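Here chain A shows up in two complexes: once beside chain B, once beside chain C.
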Partner chain A sequence: MAQLVLQDVRKRFGKVEVIHGVDLEVKDGEFVVFVGPSGCGKSTLLRMIAGLEEVSGGDVVIGDERMNEVAPSDRGIAMVFQSYALYPHKDVYGNMAFALRHAGEDKKVIDERVRKAADILGLEDLLKRRPKELSGGQRQRVAIGRAIVRDPAIFLFDEPLSNLDAALRVQMRVEILRLHQRLKTTMVYVTHDQVEAMTLADRIVVLRDGRIEQVGTPLELYHHPKNQFVAGFIGSPRMNFLPARAAGEGRVTAAGSGPIEMPVEPRAEAGELTLGIRPEHVEMVAPGQGTVAGEVLVAERLGGETFLHVELDGKETVVVKADGGVTQKPADRVGLRFPPEALHLFGGDGQAFARRERQGVIA
Partner chain B sequence: MLDSVIVSGIVTIIIGVGGMFAYFWASNWVLDHVFLPAKGEHAGRNINRANQIRPWLFLFPAMFALGLYLVVPVFYSGWLSVTSGVAAGGWYRNYSEIFANDTFRIALLNNMLWVLVVPAASTFFGLIAAQLTDRLSWGNIAKSLIFMPMAISFVGASLIWSFVYHPDIEIGVVNAIRGLFGAESGVTLIDGDIVDSFLLMVVLIWIQTGFAMVILSAALRGVPEETIEAAIIDGANSFDVFFKIKVPQIMGTIVVVWTTITILVLKVYDIVAAMGNQYRNLEILPTQMMRYFDSGNYGFATAISVVIMILVLPVMVWNIRQARSETR
Partner chain C sequence: MSTVDTTRARRGRMGRLGAAAGVHAVLLAYTIIAIFPVLIVVLNSFKNRRGIFTEPLALPRTETFSVEGYATVLTEGNFLLYYSNSLIVTVVSLFLILLFGAMAAHALSEYRFKLNALLGVYLILGIMVPIRLGTVAILQLMVDLSLVNTLISLILVYTAQGLPIAVFILTEFMRTLSRDIKDCARVDGLSEYRIFFEVVLPLVRPVLATVAVFSMIPIWNDLWFPLILASSDATKTVTLGVQQFIGQYTVNWSAVLASLSIAILPVLVLYAIFSRQLISGITAGAVKG
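Showing the complex of A and B:
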């Protein structure tokens, strides 16, 4: 059953259209993440679902009801904001109880629901505190608590972890995942951070310039990106792209390499090609061996792994994710092997060639 | 003629600025080289002491000027109020006399009415104006119009409102409006009734609403938009958003505006002097103080000034405390 349906949803500010017709179905209980670079319209789309932005065209349907003209509070949604948006003059209890009190809910019911939410989030001891007396993580928990108390059909998260420091972000990410497992409520989550998207989502919606680029599970996007944008956006460090030329019989050459067999369905393509390979799939071999050769520019050592930036002889740079113990230093020559099964190929329009399904790859 | 004015102005500026510069430089030099030189066996100790003294050295001119023109008069007034004309009776004679005086009690009562009504009304109207003008496309024009009376002196404003209240149906706006509803002749609006004070208060409210509006409008803009959106999602309508979300968040500023106007009201003199000077029922403390002062009764005048100061003091303390916590 679809919990949330967007049908050709458009948003115009004056004459400028920023959302160009988005179609999406979100199933009941699904965790969907909108991800994209800033300005891609992901927050606007979320705010349209919430009712904070008017819908200029198309329909927003929640449950079975068209919600375009329904007030935000009647849509059965609750929203968690990036800045937490707690009411500074109310204590934690008052913040969480505001919506229910406003709806004229019975005092006992309010108390029960607030305490239950506080229990889920470990806020029992903080109920009498004001927001300014809380840490960032606690504030975010209160904001989530305020959403839980309303018992919404859909949770909307607008970059909720962006204001937290890195360690806390990882911790809250896990908490949100567990919350979803516990509540099993539909969640729509906006972020610009592809790691958050990959770790949280059942399905990811990649947006660019007000259009959906691709919708799919995290691994679908990782292994079968539809185009160069999605390929570059998903995965960290980002995929390496090298200009390539067709060499006949489903093979290409790139960056001074010999013909490489591509694991893709052939397609008539006249323009320039682009070869893609993720840093984690590049293998380092002795100079003179492998697909291409180059010189190490920079070695970023993270301990467990090392990112080597290698300048190829054709002057393109390739990032290689290597073992933490590699001894290569800047100016050392290395050979790089591109395992054919790990390669991606994109046409001149950026569209990916369909990759063949292979054993050992979950799609 | 003009030349000499400009020249003397420039000379004054040079003497003033140059003099202060010379003072700072010279006093600093004396401190560092004569009293506490940074050499010899006590060099370290001397530097520390000099650093403790230096701020006071630099603060001295400002403190001296303020002391001379502000602090000394306060104490001198206090001194006069318990010494001037108290030969018969104790030191408190001036106070017991003025408190026994009917006119003083009317003035005190009127003052309290002013303090209750004007700050409340100005702040309230200012708040409403701030909120409403923020939403209008022509809000900035409306704001300028509401703020404009701030630029008019109290006496000027009193003159304007004297015309508004003018008894002649051909001149007074109020009477002209009555004329629209069929009145044949004008009525005298300000004739010394005790309630006429409210007509005078309108003048000050008219002036101060602009002040309140400007400060509160800035405060309202500082309310995070997301808290408002959160409230809308929580089911608040625009009325709730204003009174339950926005106003509580700017309460500190509201208190500052309120107390600032209260202090101003306690000092107001011009409006009553200009519009109701001849009526005993409209008297307030400052007008009475000036009346005694003009007639040479310095004991009574200073006693009233001390009363005013005591009334202002708690509001002032609260005001400063609130303003400080706002900036923190």
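Showing the complex of A and C:
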């Protein structure tokens, strides 16, 4: 059990700086997810916490100890890798016991801990198998078991579910959540998948180009994104963005609409504005009614819901999440209503206007 | 429509069959050409002198059958000594080539340091320069080190000769190893040496076997360096020992052929050991492939 603090952490490869001063505090027992597009530095940051990459500047503090020069094995961490990284020549038991054996731990203690971890993960019957005799899900479970056995203060996960198929990923996601509820250990988890981030995290850290864009609970990020990047990254399908113009008195016009009342704090803004609305908040109404109108381009029917891609008269495309049973076909005309309370507004620099009402706070 | 399809399908199948037959014909021809001399050596080693000269291609018959060659080899001269000299030189050289080759390859593929690429080229350069060009210098060196007529001189030379190709092949392969598994070992607290011995080496076993087979044959068969560096009676290798049966005026062909036949055996055994390892796929399941 330990907290993790990053203070102005930087990473340079040669002359190129890839992490530009990250400050972050992870509380004891917290589940924090680093999320961002590939190349944003999230894995590098995790490897620096693990001690696998040197820290070029700033401090990594675990517990109360500065860990910059401490070897990975002495940091009280355990890491689960994307490629499982099991030792192929050792069976499941040997894989899980390896670190402890190497540390010269007592045989009885090792056996007890391995059996306990195997019990938690349902691996009791597989202990004698080699990695190649296991399915992908089982291998990842062994990799997690190997981490549990070490009884670390912090778990580090580096995209652990990316190699699994979709169904297995959902299942393992739930298992990792339950594991966290059970162990109550600090966990840091890296993923590029915003669904994983939303479902797993106590707090999400959105990274881009080696900088933190925003830190917050999943619902905070969903309802109050600080900027256009976070707004577009969190949520699926992604938020619709429409160019907008100020129309005075806190109102804007966008895509041929009339003036729309915005639920945001006013701010002096000279540049171009962008209106944001999530597909699930757009309401479909009869043509001629609503905020804007357009023509259906594509209807993606998923059964329970339908995603309609609507081309507005101003040629922008808006994705609408509608009922599974909607009858609209391509080339049909529809009207779209933008409920004012669901709108987001971004300035020319991509920074969001603060929204007046706090949403998504779970008491 | 369907008839066109079936004829095309049949033609395709016939074409594939024809291609397969062609490939096998070539392979078969090559096999015969490769095995024929070996077979002649082994066959004639079981004949007496008359049999060898009158009917060299025939199987041994009752009148021509004889093991006099083997008898000469095993009783006269120090053939068993030569044999063990060859084995010691080959096995020790192989061990050193594999050990140092793998260590160098690991360093080149795993660690980022200045001049990494240059060092790699330097280590591999030996592939392009035949070591025999340096024979005179090597001989001088061995004389200065008082290593002439020792097996150590041969082991050193063969290790140097085998290292470049070993480093080359192993480096290429080790670059493809998953970085995660080594990082995982680091998190587990292994030292860099133990990562090499306990994690990397087991993963590259099939490649080690390949390199071993490649390196073994030229060492076992070499006549040049034993002749120059270790021609004393105590340090003769098999290939050199065979020469004692080849005189200026008479050649004891039975003995020569018998000793050559025996010399094939250990290479076959070593090959059988390593070729079992050549079956790759040992890493299957460790990382998602």
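Definition applied: the second predicted complex is superposed on the first by the 355 of 363 C-alpha atoms of A that agree within 3 Å, B and C clash if a C-alpha of one lies under 4 Å from a C-alpha of the other, contacts with A are read in each partner's own complex, and residues count from 1 in each chain.
The rule is short, and it goes like this: a residue touches a chain if its C-beta (ideal position, glycine included) is under 8 Å from a C-beta of that chain, and two chains touch if they have at least 3 such contacts.
Being a predicted model, the structure only gives us computed values, none of them experimental.
Steric overlap between chain B and chain C is present once the structures are superposed on chain A. Ranking chain B and chain C by residues of chain A touched puts C first.
In the superposed model, A:S73 lies in contact with both chain B and chain C.
When the two structures are aligned on the shared chain, A:Y87 is found in touch with chain B and with chain C. In the superposed pair of complexes, A:I49 makes contact with neither chain B nor chain C.
By the touch criterion defined above, A:A103 reaches both chain B and chain C. In the superposed pair of complexes, A:L312 makes contact with neither chain B nor chain C.
After overlaying the two complexes on the shared chain, residue contacts for A:V282 are found with neither chain B nor chain C. By the document's definition of touching, of the two partners only chain C reaches A:G136; chain B does not. Taking chain A as the common frame, chain B overlaps chain C at a single listed stretch, which among 20-28, 38-46 or 56-64 is 56-64. Residue overlap on chain A between the chain B contacts of one complex and the chain C contacts of the other covers 50-52, 71-73, 77-79, 81-89, 98-99, 102-103, 150.
Across the complex, chain B meets chain A through its residues 224, 226-227, 229-236, 240, 245, 248-249, 251. Interface residues of chain A, counted against chain B in their complex, comprise 50-52, 71-73, 77-79, 81-90, 98-99, 102-103, 146, 150.
Residues of chain C touching chain A in their complex: 178, 180-181, 183-190, 194, 199, 202-203, 282-288.
By the touch rule above, chain A contacts chain C in their complex via residues 47, 50-52, 71-74, 77-79, 81-89, 98-99, 102-103, 130-134, 136, 139, 150, 158, 163.
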